[in-house]
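Worksheet: the structure to be examined is printed underneath.
Chains here go by letter, A, B and C, matching the order in which they are written, and residues are numbered from 1 within each.
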(Lines give C-alpha, C1' and ligand atoms only; values in the text may rest on other atoms or scores of the structure.)
Protein backbone atom coordinates (compact mmCIF):
# COMPACT_ATOMS: atom_id res chain seq x y z
CA UNK A 1 0.00 0.00 0.00
CA UNK A 2 1.23 3.41 -0.93
CA UNK A 3 0.03 5.16 2.17
CA UNK A 4 0.50 8.63 3.52
CA UNK A 5 3.68 9.24 5.46
CA UNK A 6 3.08 8.21 9.06
CA UNK A 7 1.99 11.01 11.31
CA UNK A 8 4.84 10.06 13.63
CA UNK A 9 7.30 11.31 11.01
CA UNK A 10 5.72 14.76 10.79
CA UNK A 11 4.72 16.83 13.78
CA UNK A 12 1.05 17.74 13.89
CA UNK A 13 1.55 21.50 13.78
CA UNK A 14 3.62 21.31 10.59
CA UNK A 15 1.01 19.11 9.00
CA UNK A 16 -1.78 21.48 9.98
CA UNK A 17 0.20 24.43 8.63
CA UNK A 18 0.62 22.68 5.27
CA UNK A 19 -3.07 21.73 5.08
CA UNK A 20 -4.16 25.28 5.97
CA UNK A 21 -1.78 26.69 3.38
CA UNK A 22 -3.32 24.55 0.63
CA UNK A 23 -6.82 25.55 1.70
CA UNK A 24 -5.89 29.25 1.86
CA UNK A 25 -4.50 29.09 -1.69
CA UNK A 26 -7.84 27.79 -2.98
CA UNK A 27 -9.81 30.50 -1.20
CA UNK A 28 -7.40 33.16 -2.52
CA UNK A 29 -8.23 32.20 -6.11
CA UNK A 30 -11.95 31.74 -5.52
CA UNK A 31 -12.14 35.09 -3.71
CA UNK A 32 -10.45 36.75 -6.70
CA UNK A 33 -7.48 37.96 -4.64
CA UNK A 34 -5.17 36.95 -7.49
CA UNK A 35 -2.56 39.63 -6.71
CA UNK A 36 -1.66 37.46 -3.68
CA UNK A 37 -1.03 34.43 -5.88
CA UNK A 38 2.77 34.91 -6.26
CA UNK A 39 3.12 35.24 -2.46
CA UNK A 40 2.39 31.52 -2.15
CA UNK A 41 5.58 30.61 -4.04
CA UNK A 42 9.30 30.80 -3.42
CA UNK A 43 11.25 33.34 -5.51
CA UNK A 44 12.49 30.64 -7.87
CA UNK A 45 9.71 28.15 -8.31
CA UNK A 46 7.79 25.92 -10.67
CA UNK A 47 4.10 26.33 -11.43
CA UNK A 48 2.94 23.98 -14.15
CA UNK A 49 -0.42 22.85 -15.50
CA UNK A 50 -0.09 19.54 -17.31
CA UNK A 51 -2.39 16.76 -18.39
CA UNK A 52 -2.30 13.37 -16.74
CA UNK A 53 -0.95 11.50 -19.71
CA UNK A 54 2.07 13.76 -20.11
CA UNK A 55 2.65 13.79 -16.36
CA UNK A 56 2.68 10.00 -16.10
CA UNK A 57 5.06 9.71 -19.06
CA UNK A 58 7.27 12.37 -17.48
CA UNK A 59 7.02 14.64 -20.47
CA UNK A 60 7.38 18.21 -19.30
CA UNK A 61 4.86 19.62 -21.75
CA UNK A 62 2.73 21.88 -19.65
CA UNK A 63 -0.20 23.97 -20.76
CA UNK A 64 1.12 26.68 -18.49
CA UNK A 65 4.62 26.97 -17.07
CA UNK A 66 6.09 29.60 -14.77
CA UNK A 67 9.53 29.43 -13.16
CA UNK A 68 9.72 32.48 -10.91
CA UNK A 69 7.56 34.68 -8.76
CA UNK A 70 8.08 37.45 -11.30
CA UNK A 71 6.50 35.37 -14.04
CA UNK A 72 3.51 34.70 -11.83
CA UNK A 73 3.16 38.44 -11.18
CA UNK A 74 3.32 39.18 -14.93
CA UNK A 75 0.64 36.64 -15.55
CA UNK A 76 -1.78 38.24 -13.14
CA UNK A 77 -1.07 41.73 -14.50
CA UNK A 78 -1.79 40.51 -18.03
CA UNK A 79 -4.97 38.88 -16.84
CA UNK A 80 -6.19 42.06 -15.14
CA UNK A 81 -5.38 44.20 -18.18
CA UNK A 82 -6.80 41.91 -20.81
CA UNK A 83 -10.01 41.06 -19.05
CA UNK A 84 -11.69 40.06 -22.29
CA UNK A 85 -12.97 36.70 -21.22
CA UNK A 86 -16.51 35.97 -20.22
CA UNK A 87 -16.84 36.70 -16.51
CA UNK A 88 -16.82 33.56 -14.43
CA UNK A 89 -16.03 32.27 -10.95
CA UNK A 90 -14.09 29.26 -9.85
CA UNK A 91 -14.85 27.20 -6.78
CA UNK A 92 -12.09 24.82 -5.73
CA UNK A 93 -13.16 21.72 -3.87
CA UNK A 94 -10.18 19.96 -2.32
CA UNK A 95 -10.03 16.43 -1.04
CA UNK A 96 -7.65 14.64 1.21
CA UNK A 97 -4.22 16.19 1.39
CA UNK A 98 -1.57 13.47 1.66
CA UNK A 99 1.94 14.12 2.84
CA UNK A 100 3.83 11.53 0.87
CA UNK A 101 7.38 12.23 1.97
CA UNK A 102 9.79 14.75 3.34
CA UNK A 103 13.38 15.72 2.88
CA UNK A 104 14.39 18.08 5.66
CA UNK A 105 12.16 21.14 5.32
CA UNK A 106 10.79 20.04 1.95
CA UNK A 107 7.53 18.10 1.84
CA UNK A 108 6.02 16.10 -1.02
CA UNK A 109 2.28 16.60 -0.89
CA UNK A 110 -0.66 15.50 -3.04
CA UNK A 111 -4.22 16.79 -2.99
CA UNK A 112 -7.13 15.85 -5.25
CA UNK A 113 -9.29 18.69 -6.50
CA UNK A 114 -12.20 19.60 -8.67
CA UNK A 115 -13.03 23.09 -9.87
CA UNK A 116 -16.64 24.11 -10.43
CA UNK A 117 -16.96 27.03 -12.82
CA UNK A 118 -19.93 29.37 -12.69
CA UNK A 119 -20.53 31.72 -15.61
CA UNK A 120 -22.00 35.12 -14.87
CA UNK A 121 -25.36 34.10 -16.29
CA UNK A 122 -25.34 31.29 -13.77
CA UNK A 123 -24.41 28.13 -15.63
CA UNK A 124 -22.34 25.75 -13.49
CA UNK A 125 -20.14 22.92 -14.67
CA UNK A 126 -17.18 20.79 -13.72
CA UNK A 127 -14.33 22.81 -15.20
CA UNK A 128 -11.44 20.65 -14.08
CA UNK A 129 -10.58 17.62 -11.94
CA UNK A 130 -7.21 16.25 -11.06
CA UNK A 131 -4.54 16.44 -8.42
CA UNK A 132 -1.97 18.87 -7.15
CA UNK A 133 1.51 17.40 -6.86
CA UNK A 134 3.41 19.81 -4.65
CA UNK A 135 6.81 20.40 -3.15
CA UNK A 136 6.33 22.64 -0.17
CA UNK A 137 9.11 24.18 1.85
CA UNK A 138 8.35 25.02 5.46
CA UNK A 139 10.60 27.62 7.09
CA UNK A 140 9.85 29.10 10.49
CA UNK A 141 6.48 27.36 10.44
CA UNK A 142 5.53 29.11 7.17
CA UNK A 143 4.93 26.98 4.06
CA UNK A 144 5.63 28.09 0.48
CA UNK A 145 5.34 26.26 -2.81
CA UNK A 146 8.70 25.50 -4.35
CA UNK A 147 6.84 23.52 -6.98
CA UNK A 148 3.14 23.13 -7.72
CA UNK A 149 2.20 20.83 -10.58
CA UNK A 150 -1.50 20.82 -11.47
CA UNK A 151 -2.19 17.43 -13.07
CA UNK A 152 -5.51 17.58 -14.94
CA UNK A 153 -7.32 14.31 -15.62
CA UNK A 154 -8.57 15.59 -18.93
CA UNK A 155 -6.33 15.66 -21.99
CA UNK A 156 -8.42 18.48 -23.34
CA UNK A 157 -7.31 21.32 -21.09
CA UNK A 158 -8.60 24.70 -22.17
CA UNK A 159 -5.67 26.12 -24.12
CA UNK A 160 -6.42 29.49 -22.63
CA UNK A 161 -6.74 28.96 -18.92
CA UNK A 162 -6.98 32.53 -17.80
CA UNK A 163 -7.32 32.21 -14.06
CA UNK A 164 -4.71 29.96 -12.41
CA UNK A 165 -5.96 26.73 -10.88
CA UNK B 1 -1.68 36.83 2.40
CA UNK B 2 -5.07 36.47 3.95
CA UNK B 3 -4.36 33.25 5.79
CA UNK B 4 -6.31 31.22 8.29
CA UNK B 5 -6.03 32.33 11.88
CA UNK B 6 -2.94 30.72 13.37
CA UNK B 7 -3.56 27.47 15.12
CA UNK B 8 -1.79 28.90 18.15
CA UNK B 9 -4.69 31.31 18.64
CA UNK B 10 -7.30 28.53 18.75
CA UNK B 11 -6.94 25.36 20.77
CA UNK B 12 -7.09 22.19 18.70
CA UNK B 13 -10.15 20.72 20.43
CA UNK B 14 -12.23 23.82 19.72
CA UNK B 15 -11.15 23.78 16.11
CA UNK B 16 -12.02 20.10 15.76
CA UNK B 17 -15.41 20.72 17.39
CA UNK B 18 -16.16 23.48 14.87
CA UNK B 19 -15.06 21.36 11.91
CA UNK B 20 -17.12 18.38 13.09
CA UNK B 21 -20.13 20.62 13.60
CA UNK B 22 -19.95 21.87 10.01
CA UNK B 23 -19.62 18.32 8.70
CA UNK B 24 -22.51 17.08 10.85
CA UNK B 25 -24.75 19.85 9.49
CA UNK B 26 -24.10 18.69 5.91
CA UNK B 27 -24.85 15.05 6.76
CA UNK B 28 -28.05 16.09 8.56
CA UNK B 29 -29.39 17.67 5.38
CA UNK B 30 -28.18 14.92 3.05
CA UNK B 31 -29.64 12.26 5.36
CA UNK B 32 -33.01 14.06 5.25
CA UNK B 33 -33.06 14.66 9.02
CA UNK B 34 -34.33 18.17 8.41
CA UNK B 35 -36.27 18.38 11.68
CA UNK B 36 -32.84 18.67 13.35
CA UNK B 37 -31.93 21.69 11.23
CA UNK B 38 -33.04 24.39 13.74
CA UNK B 39 -31.01 22.69 16.50
CA UNK B 40 -27.85 23.86 14.78
CA UNK B 41 -28.72 27.52 15.38
CA UNK B 42 -28.98 29.85 18.35
CA UNK B 43 -32.49 31.00 19.34
CA UNK B 44 -32.02 34.36 17.64
CA UNK B 45 -29.98 33.77 14.51
CA UNK B 46 -29.44 34.60 10.88
CA UNK B 47 -29.74 32.08 8.07
CA UNK B 48 -29.42 33.68 4.67
CA UNK B 49 -28.94 32.45 1.12
CA UNK B 50 -27.53 35.19 -1.08
CA UNK B 51 -25.71 35.42 -4.38
CA UNK B 52 -22.07 36.38 -4.56
CA UNK B 53 -22.62 39.71 -6.25
CA UNK B 54 -25.03 40.97 -3.60
CA UNK B 55 -22.84 39.60 -0.83
CA UNK B 56 -19.73 41.40 -2.10
CA UNK B 57 -21.64 44.67 -2.49
CA UNK B 58 -23.04 44.20 1.02
CA UNK B 59 -26.62 44.30 -0.17
CA UNK B 60 -28.74 42.23 2.19
CA UNK B 61 -30.98 40.86 -0.53
CA UNK B 62 -31.17 37.19 0.23
CA UNK B 63 -33.10 34.53 -1.62
CA UNK B 64 -33.97 33.06 1.75
CA UNK B 65 -33.78 34.81 5.11
CA UNK B 66 -34.61 33.48 8.58
CA UNK B 67 -33.93 35.31 11.83
CA UNK B 68 -34.94 32.85 14.55
CA UNK B 69 -35.04 29.16 15.29
CA UNK B 70 -38.84 29.38 15.12
CA UNK B 71 -38.70 30.56 11.52
CA UNK B 72 -36.42 27.68 10.65
CA UNK B 73 -38.88 25.25 12.25
CA UNK B 74 -41.78 26.77 10.28
CA UNK B 75 -39.83 26.38 7.09
CA UNK B 76 -39.26 22.68 7.61
CA UNK B 77 -42.92 22.10 8.58
CA UNK B 78 -44.04 23.84 5.40
CA UNK B 79 -41.60 21.79 3.37
CA UNK B 80 -42.90 18.53 4.86
CA UNK B 81 -46.54 19.47 4.32
CA UNK B 82 -46.18 20.83 0.81
CA UNK B 83 -44.02 18.09 -0.58
CA UNK B 84 -45.02 18.90 -4.13
CA UNK B 85 -41.57 19.16 -5.60
CA UNK B 86 -39.92 16.48 -7.64
CA UNK B 87 -38.16 14.10 -5.25
CA UNK B 88 -34.43 14.71 -5.14
CA UNK B 89 -31.40 14.27 -2.90
CA UNK B 90 -28.62 16.65 -2.06
CA UNK B 91 -25.03 15.69 -1.43
CA UNK B 92 -22.90 18.37 0.18
CA UNK B 93 -19.20 18.26 -0.56
CA UNK B 94 -17.29 20.57 1.75
CA UNK B 95 -13.78 21.83 1.31
CA UNK B 96 -11.31 23.39 3.64
CA UNK B 97 -12.87 25.02 6.67
CA UNK B 98 -10.95 28.17 7.58
CA UNK B 99 -11.19 29.84 10.93
CA UNK B 100 -10.65 33.44 9.97
CA UNK B 101 -10.97 35.15 13.31
CA UNK B 102 -12.43 35.00 16.78
CA UNK B 103 -13.92 37.36 19.28
CA UNK B 104 -14.18 35.61 22.63
CA UNK B 105 -16.47 32.62 22.09
CA UNK B 106 -17.52 33.77 18.61
CA UNK B 107 -15.63 32.41 15.60
CA UNK B 108 -15.65 33.66 12.01
CA UNK B 109 -15.46 30.62 9.77
CA UNK B 110 -15.53 30.06 6.00
CA UNK B 111 -16.02 26.80 4.13
CA UNK B 112 -16.30 26.22 0.38
CA UNK B 113 -18.99 23.83 -0.77
CA UNK B 114 -20.65 22.29 -3.75
CA UNK B 115 -23.99 20.52 -3.73
CA UNK B 116 -24.64 17.64 -6.12
CA UNK B 117 -28.35 17.09 -6.73
CA UNK B 118 -29.70 13.70 -7.74
CA UNK B 119 -33.24 13.49 -9.09
CA UNK B 120 -35.25 10.37 -8.31
CA UNK B 121 -34.86 9.10 -11.85
CA UNK B 122 -31.15 9.33 -11.34
CA UNK B 123 -29.94 12.47 -13.10
CA UNK B 124 -27.06 14.13 -11.27
CA UNK B 125 -25.86 17.70 -11.61
CA UNK B 126 -24.01 20.46 -9.82
CA UNK B 127 -26.87 22.23 -8.06
CA UNK B 128 -24.88 24.87 -6.25
CA UNK B 129 -21.34 26.00 -5.48
CA UNK B 130 -20.17 28.72 -3.17
CA UNK B 131 -19.05 29.31 0.36
CA UNK B 132 -20.51 29.35 3.82
CA UNK B 133 -19.64 32.49 5.78
CA UNK B 134 -20.41 31.62 9.38
CA UNK B 135 -20.40 33.10 12.84
CA UNK B 136 -20.24 30.22 15.27
CA UNK B 137 -20.57 30.53 19.00
CA UNK B 138 -18.90 27.83 21.10
CA UNK B 139 -20.20 27.43 24.65
CA UNK B 140 -19.16 24.53 26.84
CA UNK B 141 -17.41 22.97 23.87
CA UNK B 142 -20.65 22.95 21.86
CA UNK B 143 -20.82 25.04 18.67
CA UNK B 144 -23.98 26.69 17.30
CA UNK B 145 -24.55 28.94 14.31
CA UNK B 146 -25.35 32.49 15.33
CA UNK B 147 -25.18 33.37 11.65
CA UNK B 148 -24.85 31.23 8.55
CA UNK B 149 -24.69 33.02 5.23
CA UNK B 150 -24.74 30.78 2.16
CA UNK B 151 -23.01 32.70 -0.61
CA UNK B 152 -23.82 31.12 -3.97
CA UNK B 153 -21.45 31.75 -6.88
CA UNK B 154 -24.33 31.77 -9.33
CA UNK B 155 -26.56 34.80 -9.71
CA UNK B 156 -29.31 32.53 -10.88
CA UNK B 157 -30.30 30.85 -7.64
CA UNK B 158 -33.41 28.72 -7.89
CA UNK B 159 -36.10 31.04 -6.59
CA UNK B 160 -37.71 28.12 -4.88
CA UNK B 161 -34.96 26.40 -2.95
CA UNK B 162 -37.02 23.90 -1.04
CA UNK B 163 -34.41 22.08 0.98
CA UNK B 164 -31.99 24.32 2.89
CA UNK B 165 -28.36 24.31 1.79
CA UNK C 1 -28.64 16.11 16.94
CA UNK C 2 -26.94 13.12 15.47
CA UNK C 3 -23.40 14.37 15.90
CA UNK C 4 -20.03 12.78 15.36
CA UNK C 5 -18.70 10.74 18.24
CA UNK C 6 -16.97 13.08 20.64
CA UNK C 7 -13.26 13.45 20.09
CA UNK C 8 -12.75 12.59 23.75
CA UNK C 9 -13.94 9.05 23.02
CA UNK C 10 -11.36 8.46 20.27
CA UNK C 11 -7.71 9.35 20.57
CA UNK C 12 -6.49 11.77 17.94
CA UNK C 13 -3.88 9.47 16.41
CA UNK C 14 -6.45 6.74 15.75
CA UNK C 15 -8.78 9.25 14.19
CA UNK C 16 -6.02 10.62 11.98
CA UNK C 17 -5.05 7.08 10.94
CA UNK C 18 -8.64 6.35 9.91
CA UNK C 19 -8.97 9.60 7.97
CA UNK C 20 -5.65 9.03 6.18
CA UNK C 21 -6.69 5.49 5.34
CA UNK C 22 -9.88 6.69 3.67
CA UNK C 23 -7.97 9.32 1.72
CA UNK C 24 -5.30 6.81 0.65
CA UNK C 25 -7.99 4.46 -0.67
CA UNK C 26 -9.38 7.20 -2.92
CA UNK C 27 -5.94 8.07 -4.29
CA UNK C 28 -5.21 4.38 -4.91
CA UNK C 29 -8.21 4.10 -7.22
CA UNK C 30 -7.67 7.45 -8.93
CA UNK C 31 -3.98 6.64 -9.47
CA UNK C 32 -5.01 3.35 -11.12
CA UNK C 33 -3.14 1.24 -8.56
CA UNK C 34 -6.09 -1.15 -8.44
CA UNK C 35 -3.98 -4.20 -7.60
CA UNK C 36 -3.64 -2.67 -4.13
CA UNK C 37 -7.41 -2.50 -3.69
CA UNK C 38 -7.81 -5.83 -1.84
CA UNK C 39 -5.06 -4.81 0.63
CA UNK C 40 -7.46 -2.28 2.13
CA UNK C 41 -9.82 -5.03 3.32
CA UNK C 42 -9.75 -7.79 5.92
CA UNK C 43 -9.58 -11.36 4.61
CA UNK C 44 -13.30 -11.88 5.14
CA UNK C 45 -15.02 -8.65 4.33
CA UNK C 46 -17.99 -6.95 2.71
CA UNK C 47 -17.71 -4.59 -0.22
CA UNK C 48 -21.10 -3.54 -1.54
CA UNK C 49 -22.38 -0.90 -3.94
CA UNK C 50 -26.06 -0.21 -3.32
CA UNK C 51 -28.50 2.56 -4.10
CA UNK C 52 -29.85 4.81 -1.40
CA UNK C 53 -33.40 3.54 -1.54
CA UNK C 54 -32.42 -0.08 -1.02
CA UNK C 55 -29.95 0.89 1.69
CA UNK C 56 -32.53 2.85 3.67
CA UNK C 57 -35.08 0.02 3.40
CA UNK C 58 -32.37 -2.42 4.49
CA UNK C 59 -32.69 -4.50 1.36
CA UNK C 60 -29.36 -6.11 0.65
CA UNK C 61 -29.66 -5.79 -3.11
CA UNK C 62 -26.33 -4.45 -4.16
CA UNK C 63 -25.14 -3.66 -7.65
CA UNK C 64 -21.81 -5.16 -6.69
CA UNK C 65 -21.12 -7.49 -3.78
CA UNK C 66 -17.85 -9.06 -2.65
CA UNK C 67 -17.34 -11.03 0.56
CA UNK C 68 -13.64 -11.81 0.66
CA UNK C 69 -10.30 -10.40 -0.36
CA UNK C 70 -10.07 -13.17 -2.96
CA UNK C 71 -13.22 -11.96 -4.67
CA UNK C 72 -11.81 -8.47 -4.79
CA UNK C 73 -8.62 -9.79 -6.38
CA UNK C 74 -10.62 -11.71 -8.98
CA UNK C 75 -12.53 -8.62 -9.84
CA UNK C 76 -9.42 -6.60 -10.54
CA UNK C 77 -7.90 -9.43 -12.62
CA UNK C 78 -11.06 -9.60 -14.72
CA UNK C 79 -11.03 -5.85 -15.15
CA UNK C 80 -7.41 -5.86 -16.31
CA UNK C 81 -7.99 -8.71 -18.76
CA UNK C 82 -11.25 -7.45 -20.22
CA UNK C 83 -10.27 -3.86 -20.66
CA UNK C 84 -12.92 -3.31 -23.31
CA UNK C 85 -14.51 -0.26 -21.80
CA UNK C 86 -13.91 3.24 -22.99
CA UNK C 87 -10.82 4.58 -21.22
CA UNK C 88 -11.72 6.91 -18.40
CA UNK C 89 -10.41 8.27 -15.10
CA UNK C 90 -12.10 8.70 -11.79
CA UNK C 91 -11.44 11.48 -9.35
CA UNK C 92 -12.82 10.93 -5.86
CA UNK C 93 -13.68 14.02 -3.88
CA UNK C 94 -14.31 13.18 -0.24
CA UNK C 95 -16.04 15.31 2.33
CA UNK C 96 -16.13 15.23 6.06
CA UNK C 97 -15.32 11.85 7.54
CA UNK C 98 -17.46 11.26 10.63
CA UNK C 99 -16.67 8.65 13.22
CA UNK C 100 -20.15 7.71 14.36
CA UNK C 101 -19.37 5.04 16.91
CA UNK C 102 -16.94 2.42 18.07
CA UNK C 103 -17.01 -1.03 19.54
CA UNK C 104 -13.56 -1.92 20.79
CA UNK C 105 -11.26 -1.84 17.75
CA UNK C 106 -14.16 -1.53 15.30
CA UNK C 107 -15.19 1.94 14.16
CA UNK C 108 -18.39 3.02 12.37
CA UNK C 109 -17.43 5.71 9.92
CA UNK C 110 -19.30 7.73 7.27
CA UNK C 111 -17.84 9.88 4.50
CA UNK C 112 -19.68 11.72 1.73
CA UNK C 113 -18.16 11.51 -1.72
CA UNK C 114 -18.58 12.48 -5.31
CA UNK C 115 -16.75 10.93 -8.23
CA UNK C 116 -15.91 13.02 -11.30
CA UNK C 117 -15.36 10.89 -14.37
CA UNK C 118 -13.16 12.08 -17.23
CA UNK C 119 -13.36 10.26 -20.56
CA UNK C 120 -10.19 9.98 -22.60
CA UNK C 121 -11.43 12.55 -25.07
CA UNK C 122 -11.77 14.90 -22.15
CA UNK C 123 -15.45 15.06 -21.24
CA UNK C 124 -16.02 15.44 -17.51
CA UNK C 125 -19.16 14.69 -15.56
CA UNK C 126 -20.45 13.82 -12.12
CA UNK C 127 -20.37 10.03 -12.26
CA UNK C 128 -21.57 9.29 -8.76
CA UNK C 129 -22.44 10.95 -5.46
CA UNK C 130 -23.30 9.36 -2.16
CA UNK C 131 -21.73 8.21 1.05
CA UNK C 132 -19.43 5.48 2.27
CA UNK C 133 -20.78 3.64 5.29
CA UNK C 134 -17.79 1.81 6.72
CA UNK C 135 -16.80 -0.56 9.47
CA UNK C 136 -13.09 -0.16 10.00
CA UNK C 137 -10.99 -2.31 12.26
CA UNK C 138 -7.83 -0.76 13.68
CA UNK C 139 -5.16 -3.17 14.87
CA UNK C 140 -1.68 -2.03 15.83
CA UNK C 141 -2.54 1.45 14.56
CA UNK C 142 -3.33 0.06 11.09
CA UNK C 143 -6.90 0.40 9.76
CA UNK C 144 -8.60 -2.10 7.40
CA UNK C 145 -12.12 -2.21 6.01
CA UNK C 146 -14.15 -5.02 7.46
CA UNK C 147 -17.11 -3.61 5.60
CA UNK C 148 -17.40 -0.82 3.04
CA UNK C 149 -20.87 -0.03 1.75
CA UNK C 150 -21.00 2.50 -1.08
CA UNK C 151 -24.45 4.09 -0.92
CA UNK C 152 -25.16 5.88 -4.21
CA UNK C 153 -27.75 8.66 -4.19
CA UNK C 154 -28.90 7.73 -7.67
CA UNK C 155 -31.20 4.78 -8.28
CA UNK C 156 -29.76 4.50 -11.74
CA UNK C 157 -26.34 3.07 -10.99
CA UNK C 158 -24.44 1.98 -14.07
CA UNK C 159 -25.10 -1.74 -14.16
CA UNK C 160 -21.56 -2.27 -15.29
CA UNK C 161 -19.41 -0.34 -12.87
CA UNK C 162 -16.01 -1.51 -14.00
CA UNK C 163 -13.69 0.35 -11.68
CA UNK C 164 -14.57 0.08 -7.99
CA UNK C 165 -15.72 3.25 -6.25
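Definition applied: a contact is a pair of C-beta atoms (placed from the backbone, for glycine too) under 8 Å apart; a residue touches a chain by one contact, two chains touch by 3 or more.
Computed from a prediction, not measured in an experiment: that's the story for all the values here.
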Since chain B and chain C are copies of the same chain sequence, what is the angle of the rotation superposing the Cα atoms of one on the other, rounded to the nearest 5°? 120
Shared interface numbering between chain C and chain A [over half = same, under half = different]: different
Separation of the C-alpha centres, chain A versus chain C, in whole Å, is 26
Where chain A touches two or more other chains, by residue: 93, 95, 114, 126
Quick check: in the complex, which residue numbers of chain A touch chain B? 13, 16-17, 20-24, 26-28, 30-31, 33, 36, 39-40, 89, 91-95, 114, 116, 118, 120-126
As the complex stands, chain A meets chain C at residues 1-4, 7, 52, 93, 95-98, 110, 112-114, 126, 128-131, 153-156
